[in-house]
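So, here's a batch of structures to check.
Across the two complexes that follow, chain A remains constant while its partner is chain B and subsequently chain C.
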Partner chain A sequence: MATLGQILTLISLFLSVLVVILGFSQKRHLLQATVEATSALFFIDLAASFCLLELLVTHDFSNRYVASYTDSSMPLVYILTAFWAGEKGALLFWALVQAGLMMLVALTENDAIQKGVLAIMGIAHSFFAVLMVFASNPFETFSTSSGPPDGNGMNPLLQNPLMAVHPPLQLAGFVAWSVPFALGMSSLLFGAVGVQWLKVARKWYLLAWALHTAGLVVGGLWAYVELGWGGFWGWDPVENGALLPWLTGTAFIHSAAVELRTSRFRMWNYILISLTFILCIFATFLTRSQLIHSLHSFQNSVLTPYFLYYLVFLTVGCLFVLGTRHKYLHGSPKLGGVFTRQGLILLGNILFLLLTFVVMWGTLLPKFSESKMFQDVINGMVKIWNSLNISFVHEITEPLAVGPDWFNKTTAPIGALLLLLSGLAPLLPYKSTIPKDIFRKLAMPALLSVLSSVVTLALLESQTPETKNFFIRIRSLGFLSGVILILFANFSLFVALIDFYSAIRAKMASANIGFLRALGNVFSANPRRFGGHIVHMGVALCFLAIAGYGQRTEIKDAVLKPMQSVSIGKNDLVFLGLRSTYSRDGYASLVAKILVAPKDYTDMTVRLDEIPSDVQIEPGERPFLWLVKFKQQEDAINFFLKHFSAVFLQQEMVLAEVDRKNLAVALAPRSLEAINLIPGEFHRLADQLKQVASILGHDRISLEMSKGDPLLFLRFRDGPLFQSFIQGFSMKPRFLGVSYDPSEPFKIKVIPEGMFKVVEPEVRAYPKFENPTTEVAIDVGIFSDLYLAFAKAPGSQSIMLTVSQNPFISLFWIGSFVMIICVVMLFWLGIFSRKPQVTAVFCGEVVQNVGKEGFNA
Partner chain B sequence: MKRIFTVLIVIVVAGVGALVVVSSLSAGIYQLNIEEALRMGESLKGKEFRVTGTALEVKEEKPFSYRFKVVDANGNYINCLFQGALPDPFREGREVILQGKFGEDMLFVVSKITVKCPSKYEEAGKSEMDYQDYYEQKYRRGHNLEGSL
Partner chain C sequence: MLEILLEIGIAVSISLATLAFVRCIVRTFR
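Coming up: the complex of A and B.
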């Protein structure tokens, strides 16, 4: 199978070179051959992919790739996703998607367009085929041995459903930008699509944008639920790398809309699409090379020089083509003015490029600043700056790096301006300047947005425990920028909503139909305009989430012993205790049980069954705590011991032996795997019992540990104590927590079950990975998420809890979902709509509206 | 009119670009190796910087408070103090990027630890024999029981 795969990759390289040669030749009769070669290429790549999947599924560890990324105990779904989890497999996946898109272009576009486009996409495919054949072949086998008996397994961080879909989406997004790029380039090189290439390219760049956005968002969601630092974007070099082409691509979508309407920005659009495609390759280069230190980086990749050459080739190639063809690229003159829609879009484009610059500068600064020459140039600038006496900046002498704070502060104002533009631009006409009724158009959304911002802010305030007055807080820059973002986001939201609303009302009145049908009609009559509105609404929701996230409350590193609590926002969080389990998926987890109890909880009824009538129950100092008061200390201790074994011991330990005569028991851990996998876990269990013994007094209970076996021996002083302990093991726990303090010998503190929520963050340990992984617990709410992660110091019962309350964060996922779904829908409409009227120049002849059979007929 | 706008836009963009550069310089954190950090010594006091090296002699003072040394290939070292939960992949002998400030007696008070992941998920650079050993070592791990209390 591996040999077959190697042969297939070789054929794939041969075929992609063939497509390039056939496509670049200007012979018309070779068109059919180009298309056939493309189909063959796709099926060869598909066959190679099946070979790799077959090797993965059959656990053929003689294959290096299979041995590196999978093992025999992994669930099937992650074995399948191992296809793209590693560098080599990702290359094959990349080639497959590239060939698939080429095939799709061949199927949906007409002949005039196909040839040049296939040729240029063929170059992109050839690059990856070259990498597979000469540098990094997924079908490589061990040369001297038959391979290890079992594979390495997959990094546990990647064994997550989100991580299963993030890489293919991100890669497919990168690859999909090659279609509009190829269309643009072929329109320049062959004149095959003429100046109207954008009409054809539209659906393709929408597809690329949707995939790219989905890739980024799923990556962010993965970081949020898996990495445990509490956010979704950390400004890591690899994240930044993927963001760069997204920024230029988004700019391109907007300026392309202008060109489609007014024929302006022609050269600009060619530059943007080239830049976007080059940045996609640059992003991959950043990931694979060790250029900037990043957690994501794949180390010592042999691919670095290849990517570097490819980047140089692409850049020089694009510059050459644009340089030689620039005289054909004069758009229609006259920019109507700054205060037209195209003026604002131009402004937006500049802002997007500024963002690209900011992100690129911040990402590459550590690398740049290593060079002495760069330091000298910058220090020269610093001297000029310091002579202006605005602020004093130190000269740089050593490599510098900037952190997330700098990125946040620098990108926020540009982002806010873009958000404002996304609300303003749709109000203005394309060409002519401000119409007289602009203020009337502005007034309504402006008024509504102010009102709804007040509501939004009130909601936000209700989610944060701030006691300071609003007017004092507004003076801080962080809060002020949050308020501005909320205002702008609401404005953008209402501009779109009002336009939708008035269009739907007009339609309902004129056609006499219901709301939903009118909505459908309005959208399908002008998908471009209303699709844009929907995407902008999604953007506005995302910005609301960002504004809310900026006001999050965070408690870092609270050290808690069992039954201790910390308060955040309107809740008390009580650390109930730890529990270890072993999962059938092959890992052990240490679970921290955290009770989330609202501070203002007032329900005063509590039922405690099986409690003698002479016992008093009264509320404790906190709403979640209750006191059970006994008349005699021995009763209290028996009650405590019974419930302690019910609540804390029975889920982790079993009674291995019960010696009723000597009042002794032997306890064994429930899961040996968990004990083996989690460092210090058996000590923790023993420690738990040791503490109880010391609280109750060693004369009552004595503890011994077996030598060699994981067993604990307990001996009890009297019968009732022994009975309570045994009883606890067979009864259903009635409390979430129970504690006893010898200084108050008649009282037992209990936390009743069923009144509050318990969330359970985990730390997981995998047999083949030394590093435990943190598994976050998120209590998702409508207005805010409660986000918890913990760490445990070895050999202690206490944990370090990191907890944050993140207001509005769900809006980010909702907003992104809205954007992506809407753009996918627009792509769909583009694929199935009638072919645009394209005037094509092919081989020097003008061909009108070339059909699928155009040249053969 | 159009010229003026173009010039204006270019000036504004250049100005903002300059601001970005200047702000990055004042917000930037020095990335040093151990030798450089030791050489700059006192002049770094109170200034946040990053240093890369290997973590050695990790001692737990009390729960969530650790002292260790960060060492380079030439044997230069800096004494470090970290309070908080160590990141998952932190181990003695791992290469780490530490961010923090010099405190009293040139004790490096670490605020953030980034562990450079060893080439564990990639077999690149390992010979086949290494790879076999590596695999066996890893597989044996974890199956010996904890010692006695």
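Coming up: the complex of A and C.
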């Protein structure tokens, strides 16, 4: 199978070169041959992908890639996702998606459009085929042996359903930008450079944007639920790398809309789409090159020089094509003023590029500042500055780096301005200057946004337990920027909503139809305008989430022993204890049980059957909710031991041996794998029992540990105590916590089960990976998330709990979902809409007849 | 089961690729 795979990658390279050669030809029959070669290429890549999947599912560890990223104990779903989890598999996946898109272009566009486009996409494919054949072949086998008996397994961080979909979406997003790029370049090389190529490219750049956005959002969601630091964007170099083409691509989508409407920004659009595609390759280069240290980097990649050469080739190629065609790219109508829709879109474009520059600068600064020349230039400027005696600045002697704070501070004002523009631009006409009724148009959304911002802020305040007065907090820059973001986001939201509402009302009145039908009609009649509104609404929701997230409350690394608590927001979080489990998926989990109890809880109406009728129940001191008072001390102790066994021991230990005659038991851990994988786990279990023995008295219970096996021996003084202990192992636990204090011998403190939520963050240990992974627990709320992660603290029973209350975070996922779904719908409508008449424009022969005028069509 | 499906996939893909390549040759030298 590996040999077949190697042959198929070689054929793939041959076919992609064939597509390039045939695709650049001027003859019509060769164009048809290009389409056939593209089909052959796609099916060969598909066959190669099936080969790799077969090697993965059959655990063929003689293949280096299979041995590096899988092992025999992994669940099938992650074995399949190993296809793109490693560098070599990702190359094959990239080639497959590229060939798939070429096939889709060949199927959905007419012959004239395919000319040049397939060839340019073929160049992109050839690059990845070259990498597979000459540098990083996924079908490479061990040359001297048949491979290890088992593979290395997949990094546990990647064994997450979101990570199963994030890489393919992100890669597909990068690849999909190649379609509008190829259309743009082919229009420059072969056809007219008017708006025709943009009409064809529109659905493709919408698809690319939707996939790219989905990739970023799913990556953010993965970081939020998997990495345990509480956020969704860490400004990691590779994250930033993926953001760069998204920013230029988003700028391109806006300026393309202007060109489609007014034929302006022609050169600008060619530059933007070229930049977007080049930045996609740059982002991939960042992941592979280890240029900047990052969480996402592939280790020991050999591809760095290849990517560098490809980047240089693309940049020089684009500059050459644009340079030779630049004289045909002028002559567009005048802008018509800054306060027009196109003027604001241009301003937005500049802001997007400024953001791109800022993010790139912050990302590459550690690399730049390594260079002596860079340090000399900066130090020269520092000397001049210091000589002016304005303020003293230190010279730099080592590489500089900036952190998330720097990125947040520099990008937030630009983001806020873009948000404001997204609200203002739809109110203005494309070409003419400010209309007379602009203030009337502005008044309603402005008024509504102020009112809704007050409500939003009140909601935000209710989620954050700040004691400081609003008017004191507003003086801090962080809070003020949050308020501004909320105001602008609401403004953008209401501009879109009001326009939608007016159009729907007019449609309902004119066609005498219901609301939903009118909504459908309005959207389908002008999907560009209303699709844009929906996407802007999604963006506004995302910014509301960012504003809310900026005001989150966080408690970091609070050290807690069992039954200790921390307070956050309106809740007390009680650490109930730890338990360990072993999963069939091959890892052991240490689970912290955390009770989320509202601070103001007072209800005492519930009474459980397990509590004898002759005892008294009173409200207990926090965190214990009930205080159960007994008449006899022995009854209290028996009650405590029975429920202690049920609550804390039953899930983790089994009665290995019961000696009723001598009132003794031997306890063994339920899972030996968990004991072996989690350091100190057996001692934790033993310590739990030691504590009980010391509380009840060693004369009542004596404990011994086995010298060789993981066994604990307990001997009881009297029969009822022994019976209570045994009973606990066979009953359903009815409490979450139970405690006995010898200084109050008649009272047992309990936390009843079922009254409040229990959340369970985990730490997972994998047999083949040294570092444990954090599995966060998120209590998702409508207005805020409670986010918990923990690490083991010194001492067998203690944890370090990190907890944060993240207001409005759900709005980010909702807003992103709205944007992506809307853009996918627009792509879908584009695929099935009437084809624009572009044959004459793209066909080489006709262009020759049209001459230079054709380029200005 | 999955292995069989993958093997069928490989066979079908290679057949379709061969067919497309033959058509490509035919069209090129027409």
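Methods note: the second predicted complex is superposed on the first by the 807 of 857 C-alpha atoms of A that agree within 3 Å, B and C clash if a C-alpha of one lies under 4 Å from a C-alpha of the other, contacts with A are read in each partner's own complex, and residues count from 1 in each chain.
By our rule, contacts are C-beta pairs under 8 Å (C-beta built on N, C-alpha and C of every residue); 3 or more make two chains touch, one makes a residue touch a chain.
In this text, all values refer to a predicted model and were calculated from it rather than measured experimentally.
S.K.: Could you tell me if A:Phe339 is touching chain B, chain C, both of them or neither one (first, second, both, neither)?
M.R.: Neither partner.
S.K.: Touching A:Phe783 in the superposition: chain B (first), chain C (second), both, neither?
M.R.: neither
S.K.: Mind working out whether A:Phe713 is in touch with chain B, chain C, both or neither, as first, second, both or neither?
M.R.: neither
S.K.: For A:Phe374, decide between first (touching chain B), second (touching chain C), both and neither.
M.R.: Neither partner.
S.K.: On chain A, which partner touches more residues: chain B or chain C?
M.R.: Between chain B and chain C, B touches the greater number of residues in chain A.
S.K.: After superposition on the shared chain, which partner residues are touched by A:Met705: those of chain B (first), chain C (second), both, or neither?
M.R.: first
S.K.: Tell me the contact category for A:Gln32 with respect to chain B and chain C: first, second, both or neither.
M.R.: It touches chain C, and chain B stays clear.
S.K.: Which bits of chain B are touching chain A when the two form their complex?
M.R.: Answer in residue numbers: 2, 5, 9, 13, 16-18, 20-32, 36, 40, 50, 60, 63-64, 83-86, 88-89, 91, 97, 114, 116-117, 119-125, 128, 131-132, 135, 138-139, 141-143, 145-146, 148-149.
S.K.: Which chain C residues qualify as touching chain A in the complex?
M.R.: Touching chain A from chain C are residues 2-3, 6-7, 9-10, 13-14, 16-18, 20-21, 23-25, 27-28, 30.
S.K.: Please give the residue numbers of chain A that touch chain B in the complex, ascending.
M.R.: Result: residues 64, 67-69, 86-87, 142-145, 148, 150, 152, 155, 293, 295, 298-302, 335, 338, 350, 354, 357-358, 361-362, 365-366, 369, 378, 381-382, 385, 391, 393-394, 396, 398-403, 405-406, 409-410, 556-557, 559, 675-677, 680-683, 686, 690, 705, 707, 710, 767-774, 791, 793-794, 796, 798, 800, 802 of chain A touch chain B.
S.K.: Show which residues of chain A lie in contact with chain C when the two form their complex.
M.R.: Touch list, chain A to chain C: 4, 8, 11, 15, 18, 22, 29-30, 32-34, 36-37, 39-44, 46-47, 50-51, 53-54, 57-58, 76.
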